[in-house]
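The structures considered in this document are given below.
Paired with chain B in one complex and with chain C in the other, chain A is shared by the two complexes that follow.
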Partner chain A sequence: MSGLTFTLKYRPDQRVDMSPLVYQKLAKLEPAEIASLTLQNGKRKSRVDELFGISGSDATNMVIKNSFGKLDFIGRELEGGSIKIEGDAGAYLGLGMKSGAIKVSGNADIFAGCEMKNGCLEIAGDAGDFLGAALPGNKMGMKGGTILVKGNAGERAGDHMRRGNILIEGNAGDYCGSRMTAGTIAVMGQTGQYLGFAMRRGTLLLWNPPALSASFNDCGAHTLSFLPILFASFKKLNSRFAAASAAFNRVQRYAGDMSEMGRGEVLVKITHPGF
Partner chain B sequence: MNINGVAIDATFAEAFPMKATRALITAQNEKWALIAAQTMTGFATSVIACGCEAGIERVLAPSETPDGRSGVSIMIFAMGGKGLAKQLETRAGQCVLTSPTSALFSGIDGGTRIPLGKNLRYFGDGFQVAKLIDGKRYWRIPVMDGEFLTEATTGQVDAIGGGNFLVLAQSQPQALAACEAAIEAMRKIPNVIMPFPGGIVRSGSKVGSKYKALNASTNDAFCPTLKGMTKTELSADIESVMEIVIDGLAKEDIDKAMRAGIQAVCDLGADNGVTRISAGNYGGKLGPFHFHLQEIMA
Partner chain C sequence: MLIKLTGGTVYDPASGIDGQQQDIYIQDGRIVNKPVEDIQVDREYDLKGKTVMAGAIDMHTHIGGGKVNIARTLMPEGHRADPVARTHSTRSGCGHATPSTFVTGYRYAEMGYTTGFEPAVLPTNARQAHMEMADIPILDKGGYIMLGSDDYLLRMMAAKKDQKAINDYVAWTIHAAKGIGVKVVNAGGISAFKFNQRRLDLDEQNSHYGVTPRAILKTLATAVKELGIAHPLHVHGCNLGVPGNMNTTLDTIQGIGGLPLHLTHIQFHSYGTEGDFKFSSGAAQIAETINKNKNITVDVGQIMFGQTVTASGDSMIQFINHKHASPNKWVTMDIECDAGCGIVPFKYKDQNFVNALQWAIGLETFLLVDDPWRISLTTDHPNGAPFTSYPHLIRLLMDRSFRNEVLSTIHPEAQKMTTLASINREYSLQEIAIMTRAGAARLIGLKDRGGLGSGNWGDVTVYTDNADRQLMFEKPAYVFKDGELVVKDGKIVHTKWGTTHVVKPDFDVSVEKDLRKYFDRFLTMKLDNFKISDDEITEDGRGSLTVHPTKGEAV
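And now, the complex of A and B:
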């Protein structure tokens, strides 16, 4: 049984709300029923088969082909199954997803993995602002699972994050880990200004020295035994984070944000370990 | 039954249900992992007065431990889950948390989850950090040598305690040498511990006592100095008896350990002064699990 595949027929001018196309809503539907579902398209509604060519029937392995940046809410509250997106994804990718896996071959727009609860979200390209963050006005961002970005992430990655991992192979924009309550954000590339702004708890794991605010205090160089366990958990990922050469356990530890609770930490890889 | 001149009594060892847990202790090197493990499993020979029975199961290679350092696997057995949890927590807190460079991990996935480092975290006085990695919660507790890493919980499972056999020999040194050989063989069997000093107990007990306050007392039938004054189990040539007690996760584990131990004793044979193998049989008063020596050695 081949995966349920939606091939975009043309690029609509208006944004499309893709939230009905998730495993838990499609698993029990006949192909004709799926074709007749309606998607919000700008201010009007469009049938699925008006926008997409549909083939295959296995909703556990969904594919969206010819995807582009105006397809919003892909994998919203996804519960089981996987979604493979060929192309870019719009805003709110994997919003509140509960389990399963989403893979994007291109870029994702703002609020990807926002308020995500569990599962795995992999973005091969870049991610927009507010990756794994909370919706505006909400106090709790990502609560579990893993987000992997192979490119760069925008500003405010992990804003209000509560638990889980955000792994960024490239660079992260300004305010990375802002207002974080807990969880782990790892950045292999560079980070921007106001790193960990108002973070309460949580870990920012960095490969390169950041520009830290005055409200982060140096706690010295340390060998931390939880790091090998953390890196071992990355081994199953299709990522540079999985490589044995990526792992380290010797870090400079900075505590902050002291203008907030101050129990968070920025751990910076020490390139030439010696003890 | 007779193996290499050693008589195997037609009797059975009586064992009873217990609750068990396993924890993995790692440290900078094997020396310090062993020190933490020995400290944690100290004063834990018998539930009669120690609250639990504990011992080292085996030494772990760095490739077998969660953090890639040298480690030791320990097991703790107690009569009930509540007592087990209490013993685990106090021992972890006083013996492993305090031991230089140590870290502590769960040794049983599944089972009933009981606190390992879950409550030790309060030692961190608010500076402790939780990390949820692959569905397992770890606590990082700041301590003076760096950071004490511990998994929050470990598994508690049903187990069996009190599997045993007695080695009857013509002299005390020969009894000890035979038991040492048995212990060396039995330490290779997984899922069991031999909780007594060096794995061997020289003061096997019977159920009950003439003194009302005591639940157990010396097993006079096997005491060689009482041969002429009690209903003895010993023949004239036996001068010393030692016992090996085994706690294990399942009946099959104890079977295997008993077989390995008895075989090692029999390999020394009558030439080395070993006369008989018997077992602590209390006529059904001690517990529902029976380990028949001759069946095990068949």
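And now, the complex of A and C:
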């Protein structure tokens, strides 16, 4: 049985709300029923088969082909199954997803993995602002699972994050880890201004020295035995984070944000241990 | 245009009609007597078997002003969960505890309400409040001007200025801010909070001005009376929500010396300290005192179980309440040194002892106050519950077995602490009509609303009789606003714009001399910009002003 595949026929001018097309809503539907579902398209409603060619029937392995940046809410509250997106994804990719896996071959727009509960979200390109964050006004962002970004992430990655891992192979924008309650964000590239702004707890793991605010205190160099365990948990990922050469256990530790609870930490890789 | 409403069963307490079958005629927006035979009826509605009342009036509902917008900003999840799509006659918006302006108007009208009063119009923010209410369709609106913690009044009182000077200031402010009454919130307490006082009892002095809440209440109640404003001083008392505050409330009533006083959301001010949890109902004693003191009117501020957001000018109390914020986020702020504002989201739970007892205390109050003309039906929207819970509340009041059924599901300790089960009273349709129409109109001094007699505006709500009063009041068959059909079968079919009700009491214009100096020295805007002109309400072509007479003026 081949994966249920939606091939976008043309690029609509208005944004499309893709939230009906998730495993838990499609698993028990016949192909004809799926074709007749309606999607909010700007202020209009469009049938699925008006926008997409549909083939295959296995909803556990969904594929969206020719995807582009105006397809919003892909994998919203996804419970089980996997979604492979060929192209870019719009805003709110994997909003509140509960389990399963989403892979994007291109970029994702703002609020990817927003308020995600569990599962795995992999973005091969760049992610927009508010990766793994909370919806505006809400107090809890990502609560579990793993987000892997192979490119760069925008601003406010992990805003209000509560639990889980955000792994960024490229750079992160300003306010990375802002208002974090807990969880882990690892950034291999550069980070921007206001790193960990108002973070309460949680860990920011960095490969490069950040520009830290005055409200973070230097706690000296440490050899942390939990780091090898953390890196071991990345082994199964299709990522540079999985490489043995990526792992380290010697870090400079900074505590903050002291203008908040101050129990968060920024761990920066010490490149020359003897220095 | 002549409309005839034929054969409905009419409940119109304003003209003493209690459930009589009667025809009603509306000509060009106003209700008229039966015209002479040869005038042709343009539109006839057959209302046989239906219940006809005037459009309902909510005399205390937070529907405009800065705090409502802060509450909206603080609680976007409520809006996200309740989107409202546009239709051919209505605009889109969003709902729940603090709906968008348009949805506020639609949902009120869909329940048969045609008028609502914003009870906390801060003079400094009055322009914004009126502009916001100008965007509420269908409803008539008005506002009570909030005084009592404003620096200018407290300075005047500290300097022992005479009552006449204070009357002039109050009247000038009502003109400037376009109000229909005067509200006082935790008299002097909002100011005291900023001088680091965390509680302020009735006879405790504000540490900066040396003025007590009792003196402020007396001064403002006297001003309102002497200016001839129909609506008594609208009082949000001291110690809101504090166990034992019933004594403060009783003391407030006894100490006012017979001056007219409206005690708002009385439920939140009727708490004792008995029992294992040191929290008990004071409703019986409060109701008895209200029954005896004819100068006192109240509205209840009933709570309902569920998610809402509390929005109040009482920053002192809201600061204390922030510990109970659910979800955990809140705002308390000063506004231009003249008042405050506190927004705290609340989730009232039936299995929480305090919440369950609050619910029972509100209902006890409704049922133990004898005179429906002196008690108004409110939830202090959105503080006790969103206004959309009114039909449910009406059923609780009209249906004893339903009430006891709900009572049996709340926190068991709260059930033991309330006498609700032993109260047999059930409100009649006429009493509901008094509370939500005629009584509210009389209380605010609306001269031609809240009744169905000839000369009144054609605000009419028609219900389909149903033993389940919630269903009946949720979905009126027809609602007319100023003689235009706006709702059919509980859905908006047409929208229009309501008027803004105000009073314009006389004052000595020389009051501006000192005020101008004060504005120039201390405030962020000039006196002439502070004053809202009539044009600002009317110039967009849809707003209008209705000036109600003060006592002593010819009607």
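As a convention for this text, the second predicted complex is superposed on the first by the 273 of 275 C-alpha atoms of A that agree within 3 Å, B and C clash if a C-alpha of one lies under 4 Å from a C-alpha of the other, contacts with A are read in each partner's own complex, and residues count from 1 in each chain.
We take it that a contact is a pair of C-beta atoms (placed from the backbone, for glycine too) under 8 Å apart; a residue touches a chain by one contact, two chains touch by 3 or more.
Because the structure is a prediction, the values reported are computed rather than measured.
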Chain C versus chain B on the shared chain A, clash or fit after superposition: fit
Contacts of A:S36 with chain B and chain C, given as first, second, both or neither: neither
First (chain B), second (chain C), both or neither touched by A:N217: neither
Touched partner set for A:T271, first chain B, second chain C, both or neither: neither
First (chain B), second (chain C), both or neither touched by A:S259: neither
Contacts of A:N138 with chain B and chain C, given as first, second, both or neither: second
Vertex chain A; arms to chain B and chain C (CA centroids, nearest 10 degrees): 110
Per-residue touch tally on chain A - higher for chain B or for chain C: B
Least C-alpha distance (whole Å) that remains between chain C and chain B when both complexes are overlaid: 22
Contacting residues of chain B [partner chain A, same complex]: 66-69, 103, 126-127, 129-134, 138, 140, 146-147, 149
Residue numbers on chain A that touch chain C, as the complex places them: 135-139
Chain A residues touching chain B - in the complex, by the definition given at the top: 144, 163-164, 182, 184, 201, 203, 222-226, 228-230, 232-233, 263, 265
For the chain C and chain A complex, residues of the former touching the latter: 73-77, 80, 327-329
